[in-house]
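Note that subunit A is present in both complexes that follow, paired respectively with subunit B and with subunit C.
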Partner chain A sequence: MDIQFERVSYTYQMNTPFSYQALKDINMEIKTGEFVAVVGHTGSGKSTLLQHINGLLLPTEGQVQVGNFRLSRDNKRQDLKKLREKVGVVFQYPEHQLFEETVERDISFGLKNFQVPAEETQARIASALEKVHLSDDVLQKSPFELSGGQMRRVAIAGVLAMNPEVLILDEPTAGLDPKGQHDIMNMFYDLHKTKNMTTILVTHQMNHALNYADHIFVLADGRVHMKGAPEQIFSQVESLEEANLDMPDILSLMNQINQKFGTDLCYKRQKPDELAKEIVEQLRENKPL
Partner chain B sequence: MMTAIEFRDVYFRYNEDAPWVLKKFNLKIEENETVAIIGHNGSGKSTIAKLANGLLVPQAGDILVNGRKLTASNVWEIRQNIGMVFQNPENQFVGTTVRDDVAFGLENRGIPRKEMIERIHTSLTQVGMENYQNHEPHNLSGGQKQRVAIASVMATYPEILLLDEATSMLDPRGRKEILSTIHDLKEELEITMVMITHDLHEIILTDRVIVMNQGQIYKDTTVDHLFNDYQGLQSIGLSLPLTVELAIELERQYDYQFTTYPLDNEEFLEALWTSNLKE
Partner chain C sequence: MKSFMIIGQYVPGNSLIHRLDPRTKLIVIFTFVIIVFFANNSWSYGWLTLFALILVLLTRLRIGYILKGITPVWFLIFFTFILHLIITKEGSVLIEIAGFTIHEGGVLQGLTISLRFFLLVLVTSLLTLTTSPMEITDAIEALLGPLKKIKVPVHELALMMSISLRFIPTLLDETEKISKAQASRGVDLRTGSIKDRIYAIVPLLVPLFISAFKRAEELAMAMEARGYRGSEGRTKLRKLQFKSLDFMAMIIYVSIIIIFFSLRN
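Right after this comes the complex of A and B.
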């Protein structure tokens, strides 16, 4: 499902003294099967933007096209349920939304709501669990006995069980330890690669945007401030500064090395050992005799 | 020197069917030390903080704060000495303005109005939020909220400040704000500080690093020595800062020598500069 924002603006509490324009004239296009990162400082409009993709919010102006669904202010009354079946959203701290007595019932809650035939339920649950790397002995446990990381996986399994075509991830790694973050991001990346899942990652972590995304949209003050491939975006240090964003760790380090030693390191997704090699080679080359 | 927090043979588990989170656990934190307790999720690090101020009660063993044994009858009194800042900035507000929020803890302690106003001013200045006294907390950024939470705690003059993953829910800027606030507090005041974290960048501020694994102290060391056993740290699920990873590669492949592993870019550049001259 291709996604297209055309001149989208959104104002909260329109026509009241509290009215606040969160999105301003947003144009963006996301193609089927892309992995896109939406980054921006707190309050830049990221969460408002993502709520437009499955119709939780309708644009005040402009329109959003998601596959065959056209979302705008004028056509409010349509069956959004079909859309929401296809666009799965993993909200921030999704484990806070667990409520059922067992993991199995929690994962099947969405399936029931969307009238997935009962005979399919078991297979869907099993495949969702497999995708999040949990074994089926958690099924009869209460979700609340699990560790934080496992609870988050259960909540994600609930979304994946719907077999969405588009997956929206709002800060999916917040509050996890570094290893947990790494595991969860790799899990989403695998899904994206193997199932050709369109993935939209909203994140503060520039490292994740750099490592996983094909395209990055930088939001600032409700507008699309920059868009492009990660290498392009992160080469524009000043423009990033304007959006109050930092460089990914590896790029800021490479820039500083270049400045101090007059080297010419450039980012090609190097692993630490490869980068170390380049640093040494360039330093030896540059060394005056 | 007095011992600020002491755990003696402490056993703790969340319920009878659950495994022990802490088993015969011993720990001493001295007065005015700045200590980081690190470990992966589920290693027992947050449990330590909650036991230390009596939010959890151990099944066996003693916990002493400033040399006094923590009991059901003195827990309220002892808690006045331990200020705690939690993970979620949203869950820590009671007041409708920043000033009211800081005042809350002081009102509870019956501090006279005049002194209260002074303390509010001082503590908000310490965290750089003095110009926000009349702001509503829900309009603040995450980092600002956590700074107000720290100010609310500091206004009660605690002897010990416990930060339980206080930066893990913040964006990178918010995290930097809190770290510089903590740094300033450490410079200005004599206070025991315990930072519970899984972010290895934060330990740069501390005198001592305790690594937890499976309810045990895996390592009790200093920042400078922590990464000497980097394989061990990786094996218990901690990931290394990029600068440490690079330094390890430089040593392994190219005979560079680092006296200590660099924790941030500045240290890395400095070390690279020095060894490059020697070569």
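Right after this comes the complex of A and C.
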């Protein structure tokens, strides 16, 4: 499903003293099968933007096209449920949405709502569990007796069980330890690669944006501040600073080395060990012995 | 859903009314609520209405916004009017439709009761529109202070009140977040039979309660960690202080009441 934003603006609490324009004239395009990162400072409109993709919010101006669905202000009466079955959203701290007595019932909650036939349910649950790397024995447990990381996986499984075509991730790694973050991000990346799932990652972790995304949109103050491939985006240091964003660790390391030793390192998706070799080579060449 | 929740939601400002001491406002509004019931002719009603309208103007808030804020109450006011219109059988008959008669007394009664109702709601909503919840609880605590002598836990009650007020927006936010998450999993609160809709609330309530309990526990812990021991020996960060503005307001208000009582029959 292709996603297209055309001149989208969104204002919260229109016509009250509290009205607040969160999105201003957004234009963007996301192609089927892409892995896109939306980055921006707190309050830049990231979360508002993603809620437009499955019709939780309708634009106050402009329109959003998701596959065959055309979402706009004067197009309210349509079957958003169909859209929501195809666009899965993993919200920030998704474990807060767990409520059922057992893990199994919580995962099947979405399936029931979307009227997935009962024969199919078991298979869907099993495959969702496998995707999030949980074993079958959690199925009969209460979600509230699991650890935080496991709860998050269960909640994610609940979204994946719907077999969405588009997966939206709102800071999926918030509050996890570094290893947990790494595992979860790799899991989403695998899903994206193996199922060709269109993935939209909302994050303020530049490392994740650099490592996983094909395309990055930088939001600042409700507008699209920059867009392009990660290498392109992160080469424009000043523009990033304007949006109050950091550099990914690997790039800021390279910049510092370049400044200090007058080397000429440039980022082309090297792995850490490859980069280490490159640094050594360059230092050898440059060293005025 | 939030747009419905503006009944008397505090709008920061710097008008005369905003600057009054919250205790002054509480006293005025509390007595006004009682006094409205003493009005008994068009002069006294007119006088109170004028007073209320001047108050509204003094807040410098958009009138449309204030009226929209009491939207849910419009229905009640209208309903009261209709009820009195039909039930009161006094005075001469004005109209007769299909066995129902509308009497002169009914129209009058309906108008006065709805006006009374309207004034009550309007003026009390002005209090919450111009006073932050914190100020209101401080004022209540101060005004109820004397009750401490007879061992009423005034401070604790005020604290409970301010905590619950403080958490209303937080819980509303939380509700909205959870309902969005569940909507993304296919819950539909807007359509379906009544039974379906009631069942659809469960996925909302369970997570909400869990998080509310967690928050309560964390808050209690954080308060204890910062040495909270109840009211004993506790000083105030915001000390309430009557200013000349308050004395003036009080004098004007008392004279308004005296004029009001002379206008009654």
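Going forward, the second predicted complex is superposed on the first by the 289 of 289 C-alpha atoms of A that agree within 3 Å, B and C clash if a C-alpha of one lies under 4 Å from a C-alpha of the other, contacts with A are read in each partner's own complex, and residues count from 1 in each chain.
Methods note: a contact is a pair of C-beta atoms (placed from the backbone, for glycine too) under 8 Å apart; a residue touches a chain by one contact, two chains touch by 3 or more.
Since this is a predicted model, take the numbers as computed values, not measurements.
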| item | value |
| --- | --- |
| Contacts of A:97 with subunit B and subunit C, given as first, second, both or neither | second |
| Which of subunit B and subunit C A:275 touches, first, second, both or neither | first |
| Contacts of A:88 with subunit B and subunit C, given as first, second, both or neither | second |
| Subunit B versus subunit C as contact partner of A:250, first or second or both or neither | first |
| First, second, both or neither for A:51, with subunit B first and subunit C second | second |
| Partner chain(s) touched by A:114 [first = subunit B, second = subunit C, both, neither] | second |
| Touch count on subunit A, higher of subunit B and subunit C | B |
| First, second, both or neither for A:158, with subunit B first and subunit C second | second |
| First, second, both or neither for A:283, with subunit B first and subunit C second | first |
| Partner chain in contact with A:105 - subunit B first, subunit C second, else both or neither | neither |
| Residue ranges of subunit C in contact with subunit A within the complex | 2-3, 6, 11, 61-62, 65, 177-178, 180-188, 202-203, 206-207, 210-211 |
| Footprint of subunit B on subunit A - complex, ascending | 41-43, 147-149, 174-180, 182, 204-206, 244, 246, 249-250, 252-253, 256-257, 260-261, 272-273, 275-277, 279-280, 283, 287 |
| In the complex, subunit A residues that touch subunit C | 13, 16-17, 51, 54, 56, 81, 84-85, 87-89, 91, 94, 96-99, 109-110, 112-114, 144, 158-159, 162 |
| List of subunit B residues in touch with subunit A within their complex | 40-42, 87, 141-142, 165, 168-169, 171-174, 198-200, 237-239, 241-243, 245-246, 248-250, 253-254, 265, 268-269, 272-273, 276, 279 |
